[in-house]
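Down below are the structures I want you to see.
In the two complexes below, chain A is the common chain; its partner is chain B in one and chain C in the other.
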Partner chain A sequence: MNGVGGPSDRSTAAVFFLLPAFAFLAVFIVWPVLLSIQLSFYDWSGISPVRTFVGLDNWKALTGDGVFWRALGNNLIVVALSIAIQLPVAMALAVLLHRGGNRLKIFKVVYFFPMLMSTVAVGALFKAVYNLQFGVVTPLLEAAGLAGLSRDWLGDPQIALFSVVAVICWQFIPFYMILFLARLSSIPNELREAASIDGATGGQYFWRVELPLMRGIIITAMTLSLIGSLKYFDLIWVMTEGGPSRATELMATYMYKEAFSSFRMGYGSTIATAMFFIVMTAALATIAIRQRRSEEA
Partner chain B sequence: MARIPTLRHCSFALAAAFIVLLQGCGAAVPADAPGGKTIAIWHHQTAGDGPKLIQQAVDRFKQDTPGVDVEVVAINNDAYKTKIKVAIGAGNAPCVFPTWGGGPLHEYVNANQITDLTASMTKDNYRDRFPGAAFDSVTFGGKIYGVPVENTAIAVITYNKAIFQKYNLKPPATDTELLQIVHTLKQNGIAPFALANKPKWPGSMYYMYFVDRLAGPEAFAKAEAREAAGFEAPVFIEAGKRVQALVKEGAFQEGFNGLDYDAGATRALLYSGKAAMELMGTWSIGAMKGENPAFYRDNLAFFPFPAVTGGTGDPKNLIGTVGDNFYSVSTTCKDQANAFKLIQYLIDDKSVAARAQAGRVPPVKGFTSDDLILRQIIDLVAQAPHVQLWYDQELPPALGEAHKDSSQGLFSMSMKPEESARQFEAAAKSYYK
Partner chain C sequence: MRIAKVRTAAYALAAILWLMVAGLPFYFMVQSGFKKQFDLLSHPFWMLPQEWALENYRTVLEGTFLRSLLNSMIVVSISVTLILLIASMAAFVFARMDFWLNRPLFGAVVAGLAIPAHVTLIPVYVLTTRLGLYDTLWALIGPYVAFNLPLAIFILAEFMRQIPRELEEAARLDGAGPVSFFWRVALPLSRPGLATVGIYNAVALWNEFVFAYVLTSSPTRRTLPLAIWDYQGQYTANIPLIMAVLSLSALPLILIYIFAQERVISGMMAGALKG
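Right after this comes the complex of A and B.
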């Protein structure tokens, strides 16, 4: 011990560094998760001093609960649309900005604006945008001679979910764009030079060189999008609260309503626990697939 | 060598920060006023003159009660409903807070979270200040758990006089006449009714009135008492059909199912002349007086929900509450006496005068007003054989939610009346099993 840290000294430092994070995780994540699992076996209003143990009753009710399955279905629609829309658009923007270099620098900032706004503000903003009397979507359609396309964007159960997904995409495309842009910037210039000497066109360079190199980041983006969409809550809550008539109900909004509006904390915890396992399974599955892929590669 | 001391300093600083944070958590209780105590009061009077009414009463209380500070927190109506529940569940209820009485308050009372105010109310005959009916929805097991404060609020149809004059329309006495009005307005490109049905309770007012006009208040009372077919009885299905007939007629502005109430969107529709009528609690009249005095003075009038052809309910019956917003004291409050005293300031003579000035009908005995609109409300309530409390506040919370969901299903046409009634009854059955 002469000033330079030996192994034991280093692990003390490591423990010191990890302790705060670990303590916070344990208190604010692990402990509540365990409590929700426990609560899912109880009938409890959330305020009453008495809670009744009901065994698997809540879980049996959940398997036969049409609203929960519908919410899960809506979650899957959000997952599918998010991945199918956000990632390609984000990729196109990233490639455009990357190739544009300094000329398009300003758009890097402009395109990132949606990401900087709080979700509640975004929700409030788009509620106003979609408003049929005072909003801007309908007048724009009318001006374009497409008045017939105007719909009750957030009030029609047939399309409310898609109206909200459009806003989710608007908000999150910049995030994936920055992610892809960062990866594109890290591809060495020599590759580009070599490709152009070999006579590759811009398109060929993208499909044959850039895209394969970005596989890792794309899978990461898909994983983030998948998990984010499965536990999505805030924007939907601000814009539709899961309505009208459950058209935009997600697992998280349903859980919130059961636990906090209907005073069924026990059942709400059951939904939360089910959600936890669904998201966990999805996350583990993608990690497993990733690992197998990287072993193959 | 330079890096290692940095590392050490870092971990030390981190540990120090952690300890400070932990201490911060421990000390996260509201700071007391210098040399005294703090009483927290929550309210959701965020529209019109609401915030001012509460603040003035609180200021008077503080002046007369040295050493006691009051923390006032205002929260939007629909957000308030969940926020207060979470606070109570976590044992962090504010000292003084409002409810609508009925099912949710009963739930809090059962959980021993609400102070029994019977003794304080009877002292010096304080309760005689209020009409007897005002206590109906805050009395459980013969004990009083809330003080009526804000407003006698009943659902009426407010309308724009100028539009009615222009198209030569008169307040309808029957639903047939109402449908004709809807027709005329529609033909002239005006939305007959403004409706913000995202929070679901505004639409539920139509449903409740149809039930009441079709079969009287007994229909709901029977279903609530779990008699006969419950909420699947023919009257509930018929009420659903009437609601959907209005929707099919185009009685509501486009986009009504996605519209928020709290932001005042329906009042904006009335002000701008895009909609002619709104079925709403009379608190909206107070809000209009505060927001748009010119509209209140020149354009605003209202009529009660019309009779329904073939219905047996008395058209003088009302949906609403005689004491809307009852203020309660939480059992966790450390200064019970001052908490109750604060509530008394909210409805003292000065508060009553200020509320009347703001276009409200304070729930105190013998209240009269020079204002024509307020006097009409007072008369309607005085003549009503029965005032039905809003279903979503009368019923236990889980059923209140089920009612609102099935009602919204009717408005969005995603459910047939039979299906909506079946769903509501199924929820009731599983709750009372």
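Right after this comes the complex of A and C.
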């Protein structure tokens, strides 16, 4: 039962092998998380050596901070729209590619292209795409005679968040598409043959056979989208920096501004800590839901 | 028969529509990079450049772009090497050794997957300045390794669990200790896992933004994503120049993708494997 080597030999090896990983995790993740929690009770500029203990003041300020709640609300809008738009489109594309087989190989190659750019590059690209004079969206609308539909895509507080969400979808639909495609490809062909012998149409086969079999992977996709959207930062920062007038502010962009632009490291830590607890609660909740589901099954 | 034809046409239409949605921004990016500013102003974006101008590329290449490219290569290769080594050592213990803390420790590592980078940003920034590493490439390696260890350990442990017990028995009879079993058997047998984890982390770190943004400042210490950030801040109005920067920075990964599509795709999807 001991496997390789004797007991003491093994435990020395175990400690030696785990040490580097836990050293990195301790210094760059565990300690920082604990320090952030601690700093959330202090008033600190980050520059001066003086940290003033303020008790729960930061936390009280946070609960009454309209900007934070707005940012959290925006995060939730991003979560909801991401799941509602990305997953169905990705599913449709995956089914399309799956049914098309090798004839659509070249389409699959191009569909994956958005995944190959860094988020910063995608943000910079779409800032140009949304540009009213030199861009793509407005000139296309004008060419189609729909100039009236054009807006100041990133400058209008009413629609800036939706403009950014559209880019998030553009960037991540290929990811979920490949995820679903891999699952579709793993469904045995015999099922398809049996269904068509029974006279099932393509649509019936999808809704009654393929979709139920993909429940697990869809829940995985929703979880990834949920956690990812709550942590979202790069794209928004590049495209709008949370503006105009907080229209696209997220928890992460607000935390960054407070800590590194306004040098309110204490309050910045409070926002970061709140974000940490929100993300961890969401993660634990999805794990619990999954476990209950797998027990039911 | 007619219904089938209509359906095929609808599928083809949908396929082409998404081809445009996915491809149009790239078309805009690549050919605008070769335009002069007045060309972009006076002709619609879908027309090819009146005259293929190379001056945008010259401006970019004469700047600090190549330095950033080199910086990214240095940081990514050091970090990925460390991640693969450290993660496979830890994964080996979790996969092959029974001890009472095994499951709780492994659970704690996996919980690290969900932690937002932002909660560590202030402390890591403070630590980096105190160590005198602010604005150096070394500053990035610590957080880059740490944040990618959980997934790497998780995936590599899956691979190492599949190594047959008999191999371990045979190694023990030959007098091999756990360390030599790790080097000679477990690591070579995990090669597909190492490739997947390596590709996934290389792409993720090649594109990493927030730590590099907080921990470096001078143009010669910037990585590629930060070079893009700096250029687009400096040349806000010069869209052709920014498009040249973007085309150049996307080129390495697109080239690798063209030659090794399946490898790149499955590597980049590694983040979702845990489902």
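Keep in mind that, in the parts below, the second predicted complex is superposed on the first by the 274 of 297 C-alpha atoms of A that agree within 3 Å, B and C clash if a C-alpha of one lies under 4 Å from a C-alpha of the other, contacts with A are read in each partner's own complex, and residues count from 1 in each chain.
Quick note on the criterion: a residue touches a chain if its C-beta (ideal position, glycine included) is under 8 Å from a C-beta of that chain, and two chains touch if they have at least 3 such contacts.
Worth saying up front: this structure is predicted, and the values here are computed from it rather than measured.
In the superposed pair of complexes, A:Gly243 makes contact with chain B only, with no contact to chain C. In the superposed pair of complexes, A:Ala272 makes contact with chain C only, with no contact to chain B. Counting the residues of chain A touched by each of chain B and chain C gives the higher count for C. Touch criterion met: A:Phe263 reaches chain B, while chain C stays clear of it.
When the two structures are aligned on the shared chain, A:Asn131 is found in touch with chain B and with chain C.
Legend: residue contacts after superposition of the two complexes on their common chain; A:Ser45 is shown touching chain B, with no touch to chain C. Contacts of A:Trp153 after superposition on the shared chain: chain B is touched, whereas chain C is not. In the superposed model, A:Ile227 lies in contact with chain C only, and not with chain B.
After overlaying the two complexes on the shared chain, residue contacts for A:Asp57 are found with neither chain B nor chain C. The contact surfaces that chain B and chain C form on chain A in the two complexes overlap at residues 3-5, 13, 17, 20, 46, 127, 131, 133-134, 256, 260, 265. Chain contact summary for the complex, chain B toward chain A: residues 1, 4, 7-8, 11, 14-15, 17-18, 21, 81-82, 85-86, 88-89, 104, 107-108, 110-113, 197-200, 253-260, 265, 268-269, 272, 274, 396-398, 401-402, 405, 408-409, 411-412, 414-415. Of all residues in chain C, only 7, 11, 14-15, 18-19, 21-26, 28-29, 32, 40-41, 44-45, 85-87, 89-90, 92-93, 96-99, 105, 109, 111-127, 142-143, 145-147, 149-150, 153, 165, 168-169, 171-172, 176-179, 181-182, 206-207, 209-210, 214, 224-226, 228-229, 232, 239, 242-243, 245-246, 249-250, 253-254, 257, 261, 264-265, 268-269, 271-272, 274-275 touch chain A in the complex they form.
By the touch rule above, chain A contacts chain C in their complex via residues 1, 3-5, 9-11, 13-14, 17-18, 20-22, 24-25, 27-29, 31-33, 35-36, 39, 46, 92-93, 96, 99-100, 104, 107, 109-121, 124-129, 131, 133-136, 139, 143, 170, 174-175, 178-179, 182, 202, 216-217, 219-221, 223-224, 227, 230-231, 233-234, 237-238, 251-252, 255-256, 259-260, 265, 268-269, 272-273, 275-276, 279-280, 282-283. Every residue of chain A that touches chain B in the complex is listed here, in rising order: 3-5, 13, 16-17, 19-20, 23, 45-49, 127, 130-134, 152-157, 160, 240-241, 243-247, 256-257, 260-265.
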